[in-house]
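Report on one structure; see the data block that follows.
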Amino acid sequence: MGSNKHVAGSEEFTVDMSSERFTAEKQSKDKSGPVNELDYGYHPEMVDDFSRPRFFYDCCSSFLQCSVPPVMAFHLGSLGFLTPFKFESYKTEVAKVFEGNAAITLRSRLKVKVVKDMLQRTGQQSYSREQQQEQNGLLPHGHTNSETGKVTLQLQVLNEVVVDRGPSSYLSNVDLYLDGRLITSVQGDGVIVSTPTGSTAYAAAAGASMIHPNVPAIMVTPICPHSLSFRPIVVPAGVELMITLSPDARNTAWVSFDGRKRQEIQHGDCIKITTSCYPVPSICCHDLVYDWFESLAQCLHWNVRKRQNRLADISDSSDTEN
Amino acid sequence: MGSNKHVAGSEEFTVDMSSERFTAEKQSKDKSGPVNELDYGYHPEMVDDFSRPRFFYDCCSSFLQCSVPPVMAFHLGSLGFLTPFKFESYKTEVAKVFEGNAAITLRSRLKVKVVKDMLQRTGQQSYSREQQQEQNGLLPHGHTNSETGKVTLQLQVLNEVVVDRGPSSYLSNVDLYLDGRLITSVQGDGVIVSTPTGSTAYAAAAGASMIHPNVPAIMVTPICPHSLSFRPIVVPAGVELMITLSPDARNTAWVSFDGRKRQEIQHGDCIKITTSCYPVPSICCHDLVYDWFESLAQCLHWNVRKRQNRLADISDSSDTEN
Amino acid sequence: MGSNKHVAGSEEFTVDMSSERFTAEKQSKDKSGPVNELDYGYHPEMVDDFSRPRFFYDCCSSFLQCSVPPVMAFHLGSLGFLTPFKFESYKTEVAKVFEGNAAITLRSRLKVKVVKDMLQRTGQQSYSREQQQEQNGLLPHGHTNSETGKVTLQLQVLNEVVVDRGPSSYLSNVDLYLDGRLITSVQGDGVIVSTPTGSTAYAAAAGASMIHPNVPAIMVTPICPHSLSFRPIVVPAGVELMITLSPDARNTAWVSFDGRKRQEIQHGDCIKITTSCYPVPSICCHDLVYDWFESLAQCLHWNVRKRQNRLADISDSSDTEN
Amino acid sequence: MGSNKHVAGSEEFTVDMSSERFTAEKQSKDKSGPVNELDYGYHPEMVDDFSRPRFFYDCCSSFLQCSVPPVMAFHLGSLGFLTPFKFESYKTEVAKVFEGNAAITLRSRLKVKVVKDMLQRTGQQSYSREQQQEQNGLLPHGHTNSETGKVTLQLQVLNEVVVDRGPSSYLSNVDLYLDGRLITSVQGDGVIVSTPTGSTAYAAAAGASMIHPNVPAIMVTPICPHSLSFRPIVVPAGVELMITLSPDARNTAWVSFDGRKRQEIQHGDCIKITTSCYPVPSICCHDLVYDWFESLAQCLHWNVRKRQNRLADISDSSDTEN
């Protein structure tokens, strides 16, 4: 590949450790602000992505739609959940990993399919294979569906699938199926189906508990649900979830995948979600436990403690301490 | 009063500004750690309290059970919601206030009565007036009740009245009345009735929204309620709340007032709570708005922001920024 | 007015009680489903609205942008927070009210102004007065602003002003000012500024406590905030809130008013919100307390209780009950 | 074995399916209220427990501290999470199971050890083996600890271990270790370490997400934490958690196990918690999915939906539907 130069506005930089051809070089000349020039001698097919922010996601979500080699993710700026390594010391860090001092977290992903016209909807425009490719740069893995319908999109997501009301002011109304059985309807701003990795992202903002990436689970979190009692739930990895518009929904919904490929979902369409066979092996900086709690503290200020005691804490002290 | 010396282990120090006899002097000789010696020429009846932590509460809750002069609350250590002034610069601060540069927040308090045997309970031990005084150092304001029952305790609280399960492992079951009408039953660890001032204390820990002290309101917050839909509520100042054990409660409950005077509540007893006629005029350091939001940030890390963007934030950037 | 016939698909029906000319007649002939025909002899300017759902909001939000007469709101279907009266018995209900047996809740509203180009933004398209009228059917109350900028919209809202990320997948970044002082920045899906009436609507879905309509307050609730510690806050009625895009916001935001008039907010624009001088006097069915708690229970299933005890509740019973 | 008669005040009834000797007979003569007489020909060592409520817990928590045969749990009254079967039709239900039509959920349990004096505390009273037995009816599985200290209690819990402030008004301050590393300190009412089974009990009341019993995980949930950002976390089954008093804690804490065996924890003591090797095989009524969601709906009113639309839902309808 020679020495392609790329300007990355991103704060993330990911190295695929499966090859010894790794020759990343940081050449920080004439950059302004957080921009970095990289000389990157590997994976020419990734080159385009390098000029973009959010490289890790581009790697994990779009490009690597199947098996993923171990990745070693560097943060160029502030620490992220997925980027425990400092870029400044990348040579040392990489060396240590090659020496074999590295733990791996297998970050599970979700395999998502969007099926159009599955449920006998009429008057539906269909997309040609060509259109799809142009639209999202992805080859649909399958073109037909066992039931009926057309699989118009299939991809792997690392964080979450979000179904929401899109630009509409109306509440979305979607039905959630688990292993073929309707388990509940979601009335509200939408619903998030996330991996444990995604539990610290949008799902956390929507009120979910945070799940360590080693827990084999899928999290379902409503977004501003109309029902006060709609608490997030955690189901076992491997179940098949399906989301459709509720029959009585007066509006369409919108779906996005790791924040991307945003598209409309209409009556008759469905989104099928299950655990992917292709997790992302992510190299730990310290270990599974340390990295995660360090990220919780650094990225989310989880349980940041106030030195001072709550006032109630020192109550009655006149009675007991005198 | 001469020059009584007191050793305060507290991090709060409150000055009653209603008298020009104020002569507080900080004489910081031979102290160890956060201990301060104070020469205090006012309010001899407060003297005893000075050797105790949590002086502000002692003043506002116990001692000053009626009208309260404007108070100027200093923190000797870290900032608190009620103590916006730094003690180090108390002379300047006090001088400024005397020059008239001070805004006042009227912090509402709750007037609370515990009525025993109100609801035809039998086999109830009664407390003599003497016992009560010994128990809690308070003169009961009334001795009889318009209905029946005996008012065994009446006091003003600044933060909250907490009814909980006490040492029991059992859920508490209490009924909540508003202006004489049963509005709901609380099944869980208990319930907090708080002022806006108290909304940033225990009620916040239990999940309540935070209310500026100038909002004339009373907040009712369940503690770990059994019902998923039991959201905290805010009712207008001036309503009368009443709490009793539910008729089917298998256990007693415990009540405390600003974390103190903890006592058991049995079948037939009731706790009556309303807004006190005697708010605490608290002198602002800057102004009502600044002081409160400063405290939210400092004491509760409210909306501490992470510099880094959420990953989802920079999604789709490949589409838009290229 | 004669006998205009209107077909209302709505489940709400509101009667303005300030005039004895009230002659509402329900003539339920040839309707299908929940559709009702009404003979309505008052307020001809409301006539158009009658053929629309959400009449109460149309009345309170759009039409009656100033002083509002007492309203008596009927639900044609299921009970709502704003519609305590059953339509079936409207004659009796109205008669009772005319006899003087009615309590009034003054439901506060928010006065909202959208100011364009207030903060020296350039390259901004300006709207002519004519365009505005066509766009939103409202006469802007003022055309110029004391600072600079153009008031492009001014209206009264009964529930809430919502600023969100609109169709974008990006987090919104807005700054919140209170009485001219920046108090915090909101990073997340958006922010809701609501009345107590609105506290049981979208704000409740976003996690806020619920505020009785008689509490003079404004509630600020973040929508899926990035920060775990961003709890909703309640500030006194009468403060002036202002919302702008954060200087570093990479995207625009969208604002809507009681779910309507959705429009984009760009750098330099601002939204000013304060308590309106024109609350909506709403006639209670029973009284302030009963109506509200009845609605909480009926509409939100607030603290719906399970008969069965929590299992932990009966623990240790072998020890104590034997 | 004969025909022991037992009077159960409980609403649960559990059948051990591992033996064909099962001969339970319900002989509902001369009982009052929910009391049932049972003729039960199995497991004479359980007999004592039969006269007590909360039998399932007694079985799973106390008695069966090692391997547990498949259990089939009947509710005698209202449905519970652990008791999907109706007692009325127990003969049919049992027959079906014997025919082989049954799915099993392995409900994980926590193995908990209380170690006294582990951390060089002095002046500590030690318990003799006899005292322990009297105190809690349990044989300690081990008597010494690999480090130092004395294991004073070891048991299996099905729901949760709760560490709280006990009868004190003071906040508890405990440190939480994961695999030997301090991960955070808990300042608040306490902390809950629960199984997925327990996630729908006390942990749900404290705000946790709800975890399907098939997810191999341990949930850590703070109770009314002082820190606004202390969200519950879910860690993988198999990690070892340890809880101690924080060195600066001014008070002791109290621990209980499935709501029982409540005891004080002092400086130097520690509680060790890990996933038990002995899950409870629990026979499903329908299947894993159905039973759990049915229980969520029935027991917790999870996402109970209001028929009526939120008002905001039908906003703008005048614009779109006319």
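By letter and in written order, the chains are A, B, C and D; residue numbering begins at 1 in each of them.
As a convention for this text, a contact is a pair of C-beta atoms (placed from the backbone, for glycine too) under 8 Å apart; a residue touches a chain by one contact, two chains touch by 3 or more.
What you see is a predicted model; the values in this text were computed from it and never measured.
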| item | value |
| --- | --- |
| More contacts between chains, C-D or B-D | C-D |
| Centroid comparison with chain B (C-alpha atoms), farthest chain | A |
| Chain centre separation in whole Å, for chain D relative to chain B (CA means) | 35 |
| Chain B and chain C, separation of their C-alpha mean positions in angstrom | 33 |
| Interchain centroid distance [CA atoms averaged], chain C/chain D, Å | 44 |
| Contacts with 2+ other chains: residues of chain D | 169, 202, 204-205, 225-229, 231, 259-260, 262, 300-302, 304, 306, 310, 312-316 |
| Chain B partner contacts - residues on chain D that touch it in the complex | 166-167, 169, 188-189, 202, 204-207, 223-229, 256, 259-260, 262, 300-302, 304 |
| Of chain D, residues touching chain C in the complex | 9, 11, 49, 51-54, 57-58, 77-82, 159, 201-202, 205, 227-229, 231, 258-260, 262, 299-301, 304, 306-308, 310-319, 321-322 |
| Residues on chain D engaged by chain A in the complex (per definition of touch) | 169-171, 178-179, 181, 183-187, 196, 199, 204, 208-212, 214-217, 219, 221-222, 225-227, 229-237, 239, 289-290, 293, 296, 300-306, 309-310, 312-316 |
